[in-house]
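Next come two complexes built around subunit A: one with subunit B, the other with subunit C.
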Partner chain A sequence: MKRSLRFIAFVAVLGIVAAACGGNGSTSSSSTDTGSSSADLSGGTLKMAMLADVTAAFDPQKEYYSVTWEYYRCCLLRTLMSYKGVPTAEGGAEIFPDLAASEPEVSADGLTWTFTLKQGVNYGDPFGDVSVTAGDFIRALERTADPAANTGGYSFYYSVIKGFDDYAGGKADTISGLSAPDDSTLVIELTEPTGDLGYRFAMATTAPIPPSGDAKYGAAEGHDRNYGRFLVATGPYQFQGAADLDFTGPAKDQTPVAGYVPGRSIVLERNPQWDAATDDLRPAYPDAIEVTIGGDNNDLYNQVSSGDIDFVVDGAVPPNKIKEYTTDPDLQNRLNVYPSDAVRYVSFNLAVPPFDDVHVRKAINWALDKQGFRQVRGGETTGQIAGHIWVNSLENNLLSDYNPYATPNDSGDQQQAMDEMKQSKYDKNGDGVCDDPACENILTITDREDPYPDQAAILKDNLSPLGITLDVKELERGTMYNKCNDANSQHAMCAGPAWGKDYADGYTFGGPLFDSSGLWESCCNYSLLGATADQLSGWGYDVTSVPTVDAKVDECSAAQGDARFQCWADLDKQLMEEVVPWVPYLFDNSVDILSPNVTNYSFDQFAGLAAFDHMAVTGG
Partner chain B sequence: MTEDTSAAEIDLQVGKDVIGRSPWEIFWRQFRRDRWALAGGIMVIIMIILAITAPLFAKAVGHGPNEVNLKALDQFGLQGAPFWWPCPPAQEVVFTGGTAESLGQSGCTAVPGYWLGVEGPGRDQFIRILYGARTSLFIAFFATGLALIIGVILGIMAGFFRGKVDTAISRATDVVLSLPILLLALGLAAACGATAEGCLGGLIQPGLILVGLIIGLFSWPYISRIIRGQVLSMREKEFVEASRSLGSSDWRIMSKEILPNVAAPLIVYTTLIIPSNILFEAGLSFLGVGVPDSTASWGAMLSASGSAFTYAPWLMIFPGLALFMTTLAFNLVGDGLRDALDPRTQG
Partner chain C sequence: MGRYLVRRVLFLVLVLFIVSLLTFLIFVKLPAGDPARRAVGRSTTPQQIEAARVAFGLDKPLYVQYGRFARGLVPIPGWFLDEKVYYSYANFVSVKEELFRRLPVTITLAVGAAFIWLAMGIPIGIISAVKRGSFWDRAGMLFALVGVSMPVFWLGQLLLYAFWFKLRWAPKSGLEINATIWESIAQGKFILPWITLAFTSAAFYARMVRGNLIETMGDDYIRTARAKGLSERRVIYKHGLRGALTPVVTMLGLDIGALLGGAFITETLFAMPGIGQWAVQAIATNDFPIVMGVTIVGALFIAAANLVVDVTYAFLDPRVRYT
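Showing the complex of A and B:
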């Protein structure tokens, strides 16, 4: 894959975090079910709540947020390939043909992919008589490449398509690598073999956009900043009032859909054109989905307990609820816990002393009380202690028992930490305690929401025997991610971030997090790995060199099959033992509690959230 | 005149000594008769002593105010109860859900050595409350002192000079009084406290001083108004005229003649705005824009306790009691002082 990561807004991470914190689920005695025996589960209105709105008002070319991705997957937008909305064990990390009639044909050299479309799939209102054609995907990809429409999106994944970057740069009127020989055939030519292309065509930025007159971007024409509010659905649901959309007049005079009021509410109704016969991935149980936006986390979960709402999408189940639902036999079946394929970590800025010394970074890896960090999140239900960086599913479990800094009970080991510190140039007298002024009041950025202030208190406590004191700044989550990402901020440690996969491939960790293409102003290489001396001095650092793993990331992203897993695992080990940019502490679980009304639940491994289309409610 | 003399003579005749009492003695005779005020005063003194000796207590129980003890939390990270708390008997329950399996224990856990239970990530709530008293007292004296200085200076100037000076100061007072103080304080605290750099180019950093400044800068108009009223009537009094006729400067008259004579209402009023300033700080911390987490604050403790009330009521009860007792004590003292210092009250 090309290393041309564009700017990824912090919201991507935010999304991942929220997803990880949030919900997922649970459930119940009825097993997850994508089959046809579902008639008895259909009907009713699923009532959900979100603490915060989606990040780009549902514009598919901009949304890089797991919550929105779930809305797209479950309900609104079908893609060539898609997921079943189930956990990994049931195939939830795998892609299946969705709008494609079958698996794509790949040429022998891996450079040409041909998708054949299903017949008879029409758009939702107001394009009910329009069928999805191959040209509609080209339209979506052109919009994906267009800098005027893709702010905050993830177009870097598509730079492997021939002519994509030329179109993005305004050097071409079309993307030369995309063609539609007929309405049901899409041919994609690549600049390099890309084994995971199917996954990239399971992301909503590639979902078809219907034609509207002869406008270049079809229904999205003129809606560079707000297409999400005019979104034309292909999935089982559409925004309420989609039938009233009218694309005939000038874009600025068009009235947005009534079923989405930014910052307040989302209402989804059934898409009358959706035909279950063409869609074996989505059971689509509820007749309608109503979502309120805003509120207080604890209050929302109380409302779930009382049955006023069924589910909180992006919240964090409070520890007392986790306790209540794990220890009360009557409530246990309403608690659901699944690994969300995200890792939580503390990152070091390798250009800020004392973290330019690997021994200090290792010492902190020894000292950190990971068990304590997890305890204040709500205990073992909230995840598995992390011994390395990539979540195990992305490495085919090659390192599932690996932890180079294993300590008794994962509670940290002060002696090991001090032994490591003795080797540091910042411990001049070799007593295991840092005696350099660089270790005092280290600028540490974290989230101001629970449980991060508690974690920061534990961190301070863990590091004080090493002679390290922290100046902790607690910030609003979005600000925190911005500061962590901004190399100019001179932060030394970032204590609140999390990172989740975009799809089931190690590159979605290695590229953005550790490759130099993820450096400011891209995202999210907080440790500044691979930064050049010029970049470092430009950002105002005195340190002139930091380690790089660019070559290894390139090597891994070109590898295939088992070698690819092995390569990411090797890079993981290299990072843990030689580079040490992080202390990873938790492989996150998605923890969800459900209201008494919910009769079916499934966890969607793709978004790391509950699968909304699998949720069934009483009263149907 | 004649009558006065004869009264004195009568006094002498019944053999009583006339005792010359200083204003302090007169005040003290009045004040000590007010048992509520005395009780309030004692409470204030106890609180000050506790705040000063907080480190000794921390040493005695072995936990500092920011010291984290994860063993004082249960496996879900919930805070342990005071050692004497009647926790229901615990039950072990196995949970299996999704891919997780765990063994949980219901009910609360009383933790030995923690007199008032556990707070935050395993901190000793008793020690935290003692250190919170330091925060409250700091605000009580720093913010109130700031308000006092500004209020007295402006109030005396307005009352003494009258005219344009009075108009300017009084209108400024009106403007500050008409500002939605809480909203402004919230905005200021959020702007200067939420980012690492603070505001005004780093001049104002988040923390206790910032909160004190905000409170002080918003509570001076009350003092300034009262002082202005007093000074307006006082500047016409004979002793001021006398001083002026002797050629005293304005400064001398203001500082030597007028200021001592407005001291009584000043003391009373100051005592009464102390508790409201303490509450103001608690309110800001409650709303999350007060002092940072590493500084103990009753308001922040109360804020964190809200959602915990059903399963950890001690988190709300004890900081709430501390705040309640403190504001009550200062109010009682203030009322007592007012009665004792006002010549019209009869003891």
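Showing the complex of A and C:
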């Protein structure tokens, strides 16, 4: 999940896309596949619906939203590296050369990466006669660094490129670490070894932008706020009417593409320049993709059942539909459940007593009824009980059976919890019950939407025998995330957050969640790990020190291959057993139901959504 | 008349000023409502947040910030909903462009619903009043009771489920991509939203017409009309109804004005891309320029409708004078 603090948007994703999440052992089906050949599957119009629009009108330098990322990956934008649009078991978490001709060459010190481009890849309309060159990637990265154009994006992933921050700060006219010795070669120099750089170049903000006259940002010139509505495609699809785009006049006089009406509709048509021979990642089955924006969740899923639309992109399948599709043999092959690579958790603020004491934090890990939490979310289909922090795919399943606080039926163990509490300084008489005022009316922030109030009630019940009482504040989702993130808010616990990967690497958990670089005003180190004494004092805390794992995060960031997986797993264990900043309780599932028209389906592990290019429909 | 109009227009400006100021203050006082933070996403530096703050003009004193927005409310070309200020903090789309694109849907919804509720409410009210105590009166008032008791969101879902999902008599929610308003009307896309919106109001208007008509029919001038030998039909429709409908006109103006500001629930429920649906999305994401634009346009519609009603009132009721 993208925690873009375009909070609302991000949160909408988590709350909606991942809402259905759940776990191993839940009802699951593999791809819906008729066994037809690719030629048989091609054609037709895939009809989808979205409850809400994308977050930044398709501007690739701004969109930090998994739904938009799927549109880019499947359809609109090719990148140097990309994904196949399949589940983890089929290689969906791996990246493959896309616009790159092969894997990048990495220097021995890990500081220089060289990509060689495929030949003969052209842009979509109206740049059909223009080939993609190395300079087009530099253009995209410069726009990624430009504060005028990157609002809400994820430019921080590219700060490791030499000169990137200088360009962003206006201290340089170019990014010194990027060069194109010829049209087919892109050389990237880094300030530090970055094992996951390939993944970062599978993200849409790095997708090439075509040149347009002498304009610095090419086709995006003058469109700081709205390039998405003038987007030039490289993928198998483009916005309907892209051929009518005219970049010759001043940007303010240009007419946006007809195929995307913000808040209303998206229509994708085939990109006439796309050549399947250069693209072995995207089957691109439907001839066209039509998406309506807006509506009521229940009504849209009724439209799926009736076949009026084929799929809801960002909805949460209603519990009655899940039950219907789980139990009816005729419908079961139209239900798809996959781990969405997101974790739900309760976080502790380690600067607020009594959570400055690790035994209190451990006691709550023992006490929490995770089964109850899952039950109020909708049961087993919604996800797998979490025993640790990183989702298993990011650790290559090294900790898939690991749970240091395992309890019978995952329902919590009050005796273990009280035994842990006895070791706390807040249990002075050693009876397993906190007897310090710090345990009373602990400020706990949560989401006001279902099922979080019910979860908060369970949490209260679980902690009461430990002598802990909660002052629960239920807030609008975006506000909740802002409050959890704000170190000045003095909250003690956040009971409603969730987190998903940006790409298939452990750094997307370790960096923002536990490194000091994720502290306020950045995001989203709610536990304040790594905060200095001065920072804590400045935020108004009496506690003067909190644990840090910065060194371990740095170590893992530099590691590669299996060592990298092991490093993140080690950090996961360290956090669960020594630091204990969270109670992770659920690894989310993505739950989809499909219309009777859909003849092929695949889950894209990268975006945590259906892979639109793999969806085939009758009439094709 | 002229002085009256000038005074009312000035009052309208005052109302809009107060509404805009309140909207602005509520926005800046909202908890965690810093749009710069929301916009920058997972920024790594306070400098980036500050850059966004500057870009949005949020680094300026409050009165300057308000002034920028207030200027955009003045109906002068180049000022009104100025795109430099009035653009979505979420997707950067111009508020003016989006407003005018959505307005036809909202107008169609409001006008069509009003037509239906008048066509239902007035006859039911008249029949109930004229046949007071009869089966028809009781049936009419039962309809009114049910109507005013039924929440719009529930009724809308019920109608969709029954008449689209189960019976397939009505089309599914939402407008077809690229369909014009007229095509959408022809496809029947507005029928269920119209009925949903109209039902509660029809019930309310039926009760109001019944009550007013019963009261009016007891007035002296009605007795005089009867004494002059006019037929009962003429007494009711020529004299009684005119007096009874005057308050209806007042209510109608205000109701339509309010609906033009957006039928929030109905538009959202039926995936109607109107102003109400847009406002709901903007409020959820704390997208202030949209909230401000929609609020002011909604207030403008209500205030203008109020003015029109007051002006026309005198034509309907000779006792009313412009003072």
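Following the convention adopted for this analysis, the second predicted complex is superposed on the first by the 584 of 620 C-alpha atoms of A that agree within 3 Å, B and C clash if a C-alpha of one lies under 4 Å from a C-alpha of the other, contacts with A are read in each partner's own complex, and residues count from 1 in each chain.
Criterion: contacts are C-beta pairs under 8 Å (C-beta built on N, C-alpha and C of every residue); 3 or more make two chains touch, one makes a residue touch a chain.
None of the values given here were measured: they were computed from a predicted structure.
Superposition of the two complexes onto subunit A shows subunit B and subunit C fitting side by side, with no clash.
With both structures placed on the common chain, the touch criterion links A:378 to subunit B but leaves subunit C unconnected.
In the superposition on chain A, contact of A:298 is made with both subunit B and subunit C. Once the two complexes are overlaid on the shared chain, A:52 sits against subunit C while remaining clear of subunit B. By the touch criterion stated above, A:147 is placed in contact with subunit C alone, subunit B being left untouched. Legend: residue contacts after superposition of the two complexes on their common chain; A:332 is shown touching subunit B, with no touch to subunit C. Once chain A of one complex is fitted onto chain A of the other, the partner contacts of A:454 are limited to subunit B, with no touch recorded for subunit C. Touch criterion met: A:512 reaches subunit C, while subunit B stays clear of it. In the overlay built on the shared chain, the residue A:87 is in contact with subunit B alone; subunit C does not reach it.
Contacts of A:483 after superposition on the shared chain: both subunit B and subunit C are touched.
Taking all C-alpha atoms of subunit B against all those of subunit C in the superposed arrangement, the shortest distance found is 6 Å.
Taken together, the two complexes place residues 298, 475-476, 479, 483 of subunit A in contact with subunit B and also with subunit C. Contacts from subunit C toward subunit A in the complex involve residues 31-34, 37-49, 51-52, 55, 87, 90-93, 98, 101, 157, 160-161, 164-165, 172-175, 177-178, 268-273, 277-278, 281, 284-286. Residues 3-10, 49, 52-57, 59, 64, 147-148, 151-154, 156, 159, 169, 225-226, 261-265, 267, 290, 292-296, 298-299, 302-303, 306, 308, 475-476, 478-479, 482-483, 486, 512, 517, 521-524 of subunit A touch subunit C in their complex. Of all residues in subunit A, only 25-27, 87, 89, 298, 318-320, 322-323, 326-329, 332-333, 335-339, 369, 371-372, 375-381, 411, 443, 445, 448, 451, 453-458, 460-461, 472-476, 479, 483, 489, 491, 589, 603 touch subunit B in the complex they form.
The residues of subunit B lying in touch with subunit A in their complex are 66-68, 70, 73-78, 91, 93, 95-100, 102, 104-106, 120-121, 123, 194-196, 288, 292-294, 306-308, 310-312.
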